[in-house]
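Would you mind keeping the following structure in view while I ask a few things?
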Amino acid sequence: MSANDETPAKKSPYPLASRGSKEGRPSEIAVGGFSFGGPRIVVIAGPCAVESPEQIMTIAKIVKGMGATMLRGGAFKPRSSPYSFQGLEGAGLGYLKAAGTENGMPVVSEIMDARHVPIFLEHDVDVLQVGARNMQNFTLLKELGKLKKPILFKRGAGSTVEEWLCAAEYILYGGNPNVILCERGINTFETATRATLDISAVPVLKHATHLPVIVDPSHAAGRPDIIPALAKAAVAVGADGLIMEVHHRPNDAMCDGKQAVLPEDFSILMDALRNVAPAVGRSV
Amino acid sequence: MSANDETPAKKSPYPLASRGSKEGRPSEIAVGGFSFGGPRIVVIAGPCAVESPEQIMTIAKIVKGMGATMLRGGAFKPRSSPYSFQGLEGAGLGYLKAAGTENGMPVVSEIMDARHVPIFLEHDVDVLQVGARNMQNFTLLKELGKLKKPILFKRGAGSTVEEWLCAAEYILYGGNPNVILCERGINTFETATRATLDISAVPVLKHATHLPVIVDPSHAAGRPDIIPALAKAAVAVGADGLIMEVHHRPNDAMCDGKQAVLPEDFSILMDALRNVAPAVGRSV
Amino acid sequence: MSANDETPAKKSPYPLASRGSKEGRPSEIAVGGFSFGGPRIVVIAGPCAVESPEQIMTIAKIVKGMGATMLRGGAFKPRSSPYSFQGLEGAGLGYLKAAGTENGMPVVSEIMDARHVPIFLEHDVDVLQVGARNMQNFTLLKELGKLKKPILFKRGAGSTVEEWLCAAEYILYGGNPNVILCERGINTFETATRATLDISAVPVLKHATHLPVIVDPSHAAGRPDIIPALAKAAVAVGADGLIMEVHHRPNDAMCDGKQAVLPEDFSILMDALRNVAPAVGRSV
Amino acid sequence: MSANDETPAKKSPYPLASRGSKEGRPSEIAVGGFSFGGPRIVVIAGPCAVESPEQIMTIAKIVKGMGATMLRGGAFKPRSSPYSFQGLEGAGLGYLKAAGTENGMPVVSEIMDARHVPIFLEHDVDVLQVGARNMQNFTLLKELGKLKKPILFKRGAGSTVEEWLCAAEYILYGGNPNVILCERGINTFETATRATLDISAVPVLKHATHLPVIVDPSHAAGRPDIIPALAKAAVAVGADGLIMEVHHRPNDAMCDGKQAVLPEDFSILMDALRNVAPAVGRSV
């Protein structure tokens, strides 16, 4: 059993996720007026956490103006410490959605608890994110399998590609075919970066599954100086999208400020992606 | 910030878990007539999953007769694949508790979802286990912080000791002081074992926290032939207890049969532990 | 002390390798008519091992015709098992150099033993490679520090970027400034690939050192199907070159045949690189 | 192909090292009046580096008086940085041997270069150590295969048990059957210790090979406070010996002082081992 497996669907450990189940055709997952897995690279940008209505509206305008496709912002935050800022919860989702609507951007936010599904539906969050720490929270995955909303499904930092696809299978098996995989780095002995971005996972997944795959260079790097280079690599390697943290005042950010990209650097990065994407037959 | 930290409690990232918070004294957590963290090593044994009333009763009698202190058995199973046996759920907890009561053994079983707390309380499960995959399922941890039941808190296979203690802090901060840590192996490049048992984590924790620490050699090894050696090492290194999978018919087991120890080998192992424990000032 | 360090040269653990030592300017290392670290991406291709005069001549013609810049081929092979093919040694170097000369390509081959330096000089091997297993073979590094020949210096699969730069410092400190770093994957828990290509190491190194950096996608992947994607990512992320294994009859290869790219796929890959390189201001 | 393999010797990737090659009997390797692999645990102690005749003589007397069996001390040091103390070389071997002879202790010291074999023979170093960084320095291994001197063969920090046994096979295949394996920790994401001691490797090796296995808790821990606990675990798990760094003035040590055990703690540790060893049928 291996993530490299292209045997017929019924023998795969993840028959619904396997590439064979779609006769080798990749899936496209529509959100707003675009789709994950289509020719256009989806660029999701925004702050780590929604901090206030003004903060998320400001950042939304900035990243929209620079070409981002979707808006991100956490309202329920999975923080390593109970003493860290835990998010604005329902109110945060409201501010996020308002900023997205105002700027014509679908929004994505992380859900940590099956009991919060109604709040996410009430605020019409366009894409629900499962974070790395919940990749094998199977009760959450089963609940998300009952929805039709697209799920942005992050890889666990200690999980293999195979375990990740088996976990995605929980959502598909529950009845929700709209799973977008997101590589965000794995834990290794290297300390120069927060995690080690497993760039190879993208082409490995392109052989193993029909699901779209995006990359989160922000959490992998944990430092802003190398994020542009990683974003370009992700597009070149074949990723269908990017999710990145952008903040106009990173030193005041309530969460992960030190890995946020500044607006001026995000603008330069978007220009760079406009060069790289066509070189691999895509657009931004 | 490091797991090696003995600075005053208020500066620690995990002030309630830190050793300094108890002025250097270890905590004892009472369950039934014994305690975790006392001079006697707690030996928890039983099958991976409760499969039937007869199966759990049979194994309970066997392990009790050989000297095990507590009975384990999963009723809600966190399986990597949605197509694997998911457990007998509430009925399984009932069979487990009946087998424990009949044999004078407190019982432990894994809880995966905050919504299941009432079922665990209804069946009076003595110790609630949080599995490796849920170590950073913070909504679950917050719910468990509201209870007084002891929590057997397994380390995530991709998590550092520091992240583990910060996660334990969620339970303590919620108001439940009864957390028992359980080392069960971390993910590394070595493939001769299912995970790499981080035996050093035990003395590292003894310096960093007042909480009791036990070891699960079964999940670390993933093969029965080396489990007795690892169990002896765990006692010698200073662990307060062991949790091991024992099955009388491992080839028929519905879960993890290939890492289960046979009763005859468990008996030999218990005799061996009766030799090793006194050598480090403990008993079994 | 961290690989992210840009403090003044005298405080760095690797003062000669640090970017500060060159006032922030990158080094260029000339070989034949081109250079590592210049605007043109250096593409090194060839078989894992030199197997015969005909084999290396055939492959040299193929890869030269498709645009490769340099020829690789092992004559002294560091094989995990003593029962595996160990290389043609001095004769192999002769066949390699002849194939390189005939096709106008400088050649690179791995040196495993300080006592072999004269053989490499006798055959005028243009670049000497230090393999991953010898990254901390300090006696070898000290000998190579006495030469002026460029050294292709691979990262150890279990070594951090910081350890790698400290090891490079041995060569520089010995008096040889011509060190080309080569990222080739690190050992992690992921088994879908032979090693995990640490693509982030490239921009991390670009901040930390003035030395050129190339990428070996072949050894990282261990499977040919994802090598083209990784090669494109390497160029996009900012690497100064690539080294790849190409074989016209991989099933008959005496070494690592299963990760060799076929000539027809190498041709397609070169065309793809000709698209990606200009998108990041480079050429192939 | 797996380290768990007990198939007939001729099918093993390491036929001479495999347990099957000795019909399941473990090897004993005699040094001085004792042997590795016999009932008595071999305790090797001494400083990281030989610093002066007085220093090594002082420490030799101390550890001998406390029950150590063999004396360690580095004369050729594989330091991560070229600016670190590189050892006293030949003179250091002389001081080491003199201290060993005076105190009736065989000595072990690390060899980094095949060209140094004559110096080690001249000083009659009893056991030659191959360090972790040279585990796959195959030219060195081939040279050591020509000797009869016992080789203390450390595991590479990034190498699997299987790769380690394949590397040991080089020495055996060369004609030297006297290989003692030494587990010293592997590189993982955990930062509370310098490396992660893979205690499971000991029983894995006991199933896979007839060669003796010892443990180095000093390099695995990188901090003295947990070394006694790890040493007890190593004896309990079935190791045939221990190698530990002891220094009477660790703050003045020229190498690795911060992981050295003080004489008074070493004495307490030896007493503890005298309790644990009989519990597993051994003596110290």
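Here the chain labels run A, B, C and D in written order, and each chain numbers its own residues starting at 1.
One rule holds for everything that comes next: a residue touches a chain if its C-beta (ideal position, glycine included) is under 8 Å from a C-beta of that chain, and two chains touch if they have at least 3 such contacts.
These numbers were taken from a predicted model, which means no experiment stands behind them.
In terms of C-beta pairs in contact, A-C outnumbers the other of A-C and C-D. Farthest chain from chain C, judged by C-alpha centroids: B. Mean C-alpha position of chain A lies 47 Å from that of chain D. With centres taken as mean Cα positions, chain D sits 33 Å from chain C. For chain B, residues touching at least two other chains, in rising order: 158, 186-189, 191.
Because contacts link each chain to all the remaining chains, their graph is best described as complete.
Listed in rising order, the residues of chain A touching chain C in the complex are 2-4, 158, 160-162, 186, 188-193, 196-204, 206-207, 220-221, 223, 225-226, 229-230, 232-238, 272, 275-276, 278-280. Within the complex formed with chain C, the residues of chain B that make contact are 187-189, 191. Those residues of chain C whose C-beta lies close enough to touch chain D in the complex are 13-14, 78-83, 112-115, 133-139, 156-159, 163, 166-167, 169-170, 173-174, 186-187.
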